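In the two assemblies presented below, chain A is common to both, partnered first by chain B and then by chain C.
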Partner chain A sequence: MTSALTEVRRREAPAEAPSADRRKKPPSLRKARTFYLFVAPWIIGFVALTVFPLGYAFWLSLTDSDGLSPRTHFVGFDNYVEIFKDPLTLSSLGKTGLFALVTVPLSILAGLLLAVMLNQPIKGRGLLRGLIYLPAVVPPVGAALTFRLIFDRDAGAANGVLSGLGANPITWLVDPNVRYVLYALVLWGCGGSMIISLAGLQDIPRELLEAAQVDGASYWQSFTRITVPLLSPVILFQVITGVIGSLQSFAPLLLSSGSLSGAGTVPQGNYLYMIHVFAQYFSASRFGYASAMLWMLFAVILLVTLVIIKVSARTVFYTVEPGGQK
Partner chain B sequence: MTTTNPGFSRRRFLALGGAVAGSAASGALAVGCSPASSTNTPAATGTGSSAKGVVTVMSQSGEFGPKEAKAASQALGLTVKTVEYDLTKLTAMLASGNPPDVVRGMGATETPYLVARQVAENLDPYFAKSTLIKADDIDPVNDVWRYDGEKQGSGPRYGFAKDYSQDCTIWYNGALFDAAKVTRPSATTPLLLDELLDEGRRLVKRQGAKVSVYGLNPNGLGLFGQLTWMTDLAGGKLTADDLASVDFSTPEAQRALTWYLEYAKAGIGPTVLNPDPNGWDGPTFQAGRMATTLSGYWLGGLFAGDPKSAKVAGFAPAPQFDTGRRVSPCFGATGLWMPKAGKNKDAAWAVMEWYLAGDPAKARASGGWGIPPLKSLQKLMPQKLPYQKQAYDVQMAEKEHFSVTSYTPYVRQDAINAVITRELPKAIKGSTSVGQFADTLNTQINAQLADGKKRLR
Partner chain C sequence: MTRTSKWALSIVLLAVVLVMLSPILWLVSTSLKSPAEMASFPPSWWPSAPRFANYTDAIRQVNFVGATQNSLTIAFISTTLTTLSSAWVGFGFARLTAPGKKQLFVVLLATMMLPGIVTLVPTYLIFAKVHMVNTYWPWVAWGLGGSAFLIFLFRQFFAGIPREMEEAAIIDGCGYVGIFWRIFLPQSWPVIAASVILSFTHAWGDFVGPAMFLSQDSTTLAVAMATGYVNDKGLPMNNLVAAGAVMYVLPVLVLFLFMQRRFVSGFSTSGIK
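Moving on, here comes the complex of A and B:
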């Protein structure tokens, strides 16, 4: 009854006061104003903290600025051209690519494996989840410092264990071994990946797995045909954020010295792209070139993300509600 | 419910957005720290000053922090604020035209770099009218803060040291010398560098292949400084007179390189291939794990509060080669300078003068964390403990062997040290010869210098 009356009023309303409505602002404009008022803080923050710094960095990338001297010269795209001629830049980019190729899949796989194990009804799994996640919340500086102490050649626990076993000590923190210490440092935080995968696993409807079991599917078949496809959006998310994080990683700097000006002292095995950027900014004071390197990194990240999205188009499956809503 | 394989979607848009935002965050930076010397700022005496306004000091909190700012405010009638020293922040403040009024700096290595970029203020007019700093009272080490556009050590003063050390003087652990039956270094006759190396070999203690006690650490404040000094001792010059190129291929420079590579290959102390996890010598020395270190007088400040180290610590002159040439350099002379674009220079000078020559300077002098920059304050250096008295006597005699080394204005020392550190492992491992190492350093460092010079055009 009420619905019918309301319906009638809605129909009748325009006839009652058409002139008054014309004087008011259209609802779409009012909605737009409300929308912009609500998003204004974000837009202001985005312009001030992202657009402006990016623009400033782009302007710097067209100069030979050293960050101090007022005598800065416009050099056009020379810095961008130099990127393709600088062997250190290219080799650091290659090392970064390798770093991403190794650490991203390993982190995701380790996280997924742990998530699958801790998704089982085992005793004390809450405690285990907490313990495994704990390293992910340790500040990176603290974790790196701890690793430096553990892997010190003369006083570290790692070589202490080796000595106890009668083996010779290993110089972990220099080339070529320091690369493996870095991988270990990154994998140490795979609890973060575990939590995301665990959330994804718990979102998978139990009836699907039960139906598969009734149909005689083995655990492996259920895992590969149901669990993994339904987890694929979560895995894609981890791949994209993992690759971005790897390309921007400055963990080697923390592992070596912790000081920005120490970027130039990072062992060559861990001399990743961002380390070279830091070295150009804070050791070589080549602010123009380093800014160009950051813009190039931006382009690389954009390109890699697009490639991942394109490649994943046939392998990622999204849940769709019966009405067609994703 | 079904599964599907869609094309570009809202989720994909968000993922792409994440990539963009992630890239934008590329500039996220961490701030490093280094061991700061201790200052024991006394209560303000309220001397007053005609300068007014707000003065911002950018320094390390262990040197000029909020406590010192409060004392300066009370003493001078100014508002003094502090900003933690951070190169990134300094650069941003300079770029915005709103720099700190006073900045911490290392005079020995930074003065030509700052002056060539027209960033530092000429302080001569302020020194001329200073009531606390008299020309005849200024220790010669402060000449590292002078630069005439061609040479360091002459020309206007652009800063002043808060304290300094002759950084190649030796601290040794006497107990470790006695245990190894090695004669302790003389307090008057410098060791030869080859003797130092030999003693390092005898002093090192190993547990299997691990080093439990370092025999020697000659790394100082950076290898370029050390190699420059050793080349000088050998009778040559590493940097050309125009400060625009280096030459590691001269016999003198080769001698310096060879000595260092012998040290590194001997495995008797920290190197780029086996760094000290402590990052500096203090904790290692205090733990009885460092027999000899070329660290300079300031390290002794650490031992005053550590009876165990005070009992065994000894101080000796900087070593030399057998050429007869004796040089005892200073690579730091850490102090304060004033940005040219500062807004309140008179007040900034009042703060500098108070901190560098007033009551805080007297308190620092008695702390033993460095040699005071004014001769009149040097009598306040600690001499109560036996090691302090011995170090004082050695240090006073060592002063006459100081001379200013000119550093290049074209690149930061960090950049040169980075090249050396990058190429050094190959030379230590023997995959490149000393000659090849020298050639590589020449090529790469000279390219850096040429680039820096071009940018200063």
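Moving on, here comes the complex of A and C:
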């Protein structure tokens, strides 16, 4: 027993003098200081790069700032009031909702179906899993460019297939068809959802399924009565992250002009909320209004997450208490 | 499972694989087509005479080498700093105690759900105010702050290391910085590998960050690919787009194929269980 430990005791002794039993003391001051030394980078980063920008955006949202003119005026909550009156904002919110409503369930279902199939003992399933997951690791810009090429009016594979079938070519990348290209682009990455569901499936104790089989349950019965309930926390996780991801999605930008200043030219069908935010910042220079829109998005994401958790409380089945230790 | 159903399943899955890979095959096919072949309709499935010059043209058309250097620099900065910082902070959460630790950990977990893009634009405005846009300092700052998810991964790993290790080190007179640096960090190479891969692919794929913070001539490959290949009439040169995109996507796919097992079985799910 040398320096370090004894030193700790000696240092804290004066501060804790009244305490009778030294060994049952709370974590030492020195250890606490070391803890904060270790977590300091994250705390400083969190305050400087998250809390402060959020606060700054909130302050901006109360002004008519355009980012250039030195004089900005305090306008109170006018920007927030405008959000509810601006038809473009409201319709972009509606399109984002539809986008989430279509792509989130489809991705989760496709991923679950693939996971169930790839959980069966067949040859080469490791390779199959990898290849189906592959599109999910393609960088967003690469994926969007690929889909632009597939759905190109003249040189694209989609119209090549159509003409092979004797149908007329379709102009995919403009309204009203471009939204289907967006859906296809998102669904291409359903391998991500597959991997998460697969991990959930592998966590289900084999004995449960075997016991059900012994009791004469059909495959469908044990799937709906055992697999799905035990998988429900994993599905809930995917619903929440999927909805949050959809609300923040700017994929239509990559499908169209590919530049932030071009946000205003994104076709109406793909004019999602985040696209409108970019257009307000980088085309219209309405920093105040755009900041209010960001705060609104923040609030909506928080609200939607809470609602999903509340609604699912009765249907999601946890093998352990959600807050407890596993 | 019976033999027949196994066969049927394999065939279905092979069909799915084909559908999932067909966009990449189309990208490669397009990248080898001549301008004449691009203009003909219906398009050919595979170029009759592969034109490899598209790749050299694609490199010349945009500042490909420069953009690659920028991408690599940013990827290097964020990967090393994020990994080191996340390990450092994760060690604190795993092995040390202090009043307020529990609350801080809850905040850390909550920030994983925080919409990143909401803070990005105001962060840009702040950096613009202090004249730090068009430099790599924002990536240094983000890297030093660590990533909540990676901090969590490191914490989980460090929390599983037996206490005797650090007690022995303390008796030998080693401080916590030394314990972290000499004992814990060298053991955590599986997490380090995961962290390096995740940070690298994220930095390589990021579009909004560089599009916002960097000017056109100091930007990354992701941004150059998204906007670079247009002719004098403002129309996209699709065969060059494809060639550029193949070169841009390839490093990530190669990394994935080498580390496939880790990708598929390991960290992509470690945050939720």
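Definition applied: the second predicted complex is superposed on the first by the 283 of 326 C-alpha atoms of A that agree within 3 Å, B and C clash if a C-alpha of one lies under 4 Å from a C-alpha of the other, contacts with A are read in each partner's own complex, and residues count from 1 in each chain.
One rule holds for everything that comes next: a residue touches a chain if its C-beta (ideal position, glycine included) is under 8 Å from a C-beta of that chain, and two chains touch if they have at least 3 such contacts.
All values derive from a computational prediction rather than experimental measurement.
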Q: Label the relationship between chain B and chain C on chain A in the superposed model as either fit or clash.
A: clash
Q. Regarding the shared-chain residue A:98, is it in contact with chain B (first), chain C (second), both, or neither?
A. neither
Q. For A:311, is the partner it touches chain B (first), chain C (second), both, or none of the two (neither)?
A. neither
Q) What is the contact status of A:54 with respect to chain B (first) and chain C (second): first, second, both, or neither? A) both
Q: Quick one: classify A:81 as touching chain B (first), chain C (second), both or neither.
A: neither
Q | Contacts of A:279 with chain B and chain C, given as first, second, both or neither | A | first
Q: Pick one for A:211: touches chain B only (first), chain C only (second), both, or neither.
A: neither
Q: State whether A:230 touches chain B only (first), chain C only (second), both chains, or neither.
A: first
Q) Taking the superposition as given, does A:68 touch the first partner, chain B, the second, chain C, both, or neither? A) first
Q. Counting residues of chain A in contact, which comes out ahead: chain B or chain C?
A. C
**Q.** Partner chain(s) touched by A:164 [first = chain B, second = chain C, both, neither]
**A.** second
Q.
Pick the chain C stretch that clashes with chain B in the superposition, from 128-136, 146-154, 164-172 or 254-262.
A. 128-136
Q.
Taking the stated contact definition, name every residue in chain A that is touched by chain B in one complex and by chain C in the other, in rising order.
A. 50, 53-54, 57, 67, 141, 148-149, 152, 154-156, 159, 163, 169, 237, 240, 244, 248, 250, 254, 257-260, 274, 277, 281, 287, 294, 297-298, 301, 305, 326
Q.
Under the stated contact criterion, what part of chain A meets chain B in this complex?
A. 50, 53-54, 57, 64, 66-71, 73, 141, 148-149, 152-156, 159, 163, 168-169, 171, 173-175, 205, 229-230, 233, 236-237, 240-241, 244-245, 248, 250, 253-254, 257-265, 267-268, 274, 277-279, 281-287, 294, 297-298, 301-302, 304-306, 309, 313-314, 316-322, 326
**Q.** chain B - residues contacting chain A, complex
**A.** 1-12, 15-16, 18-34, 87-88, 91, 94-95, 114, 116-119, 207-212, 272-275, 277, 279, 411-412, 414-415, 417-419, 421-422, 425, 448, 451-452, 454-457
Q.
Considering only the defined contacts, which chain A positions touch chain C in the complex?
A. 1-5, 26-27, 31-39, 41-46, 48-50, 52-54, 56-57, 60, 67, 114, 117-118, 120-123, 126, 128-135, 137-150, 152, 154-157, 159-160, 163-164, 169, 188, 191-192, 195-196, 199, 203, 234, 237, 240, 244, 247-248, 250, 254, 257-260, 274, 277, 281, 287, 290-291, 294-295, 297-298, 301, 305, 326
Q) Residues of chain C touching chain A in their complex? A) 1, 6, 9-10, 12-14, 16-17, 20-24, 26-27, 30, 33, 38-39, 41-43, 45, 85, 88-89, 91-93, 96-99, 101, 104, 107-108, 111, 113-119, 121-123, 125-126, 141-142, 144-146, 148, 151, 170-171, 173-176, 180, 201, 204-205, 207-208, 211-212, 222-223, 225-227, 236, 238, 241-242, 245, 248-249, 252-253, 256-257, 260-261, 263-264, 268-269, 272-273
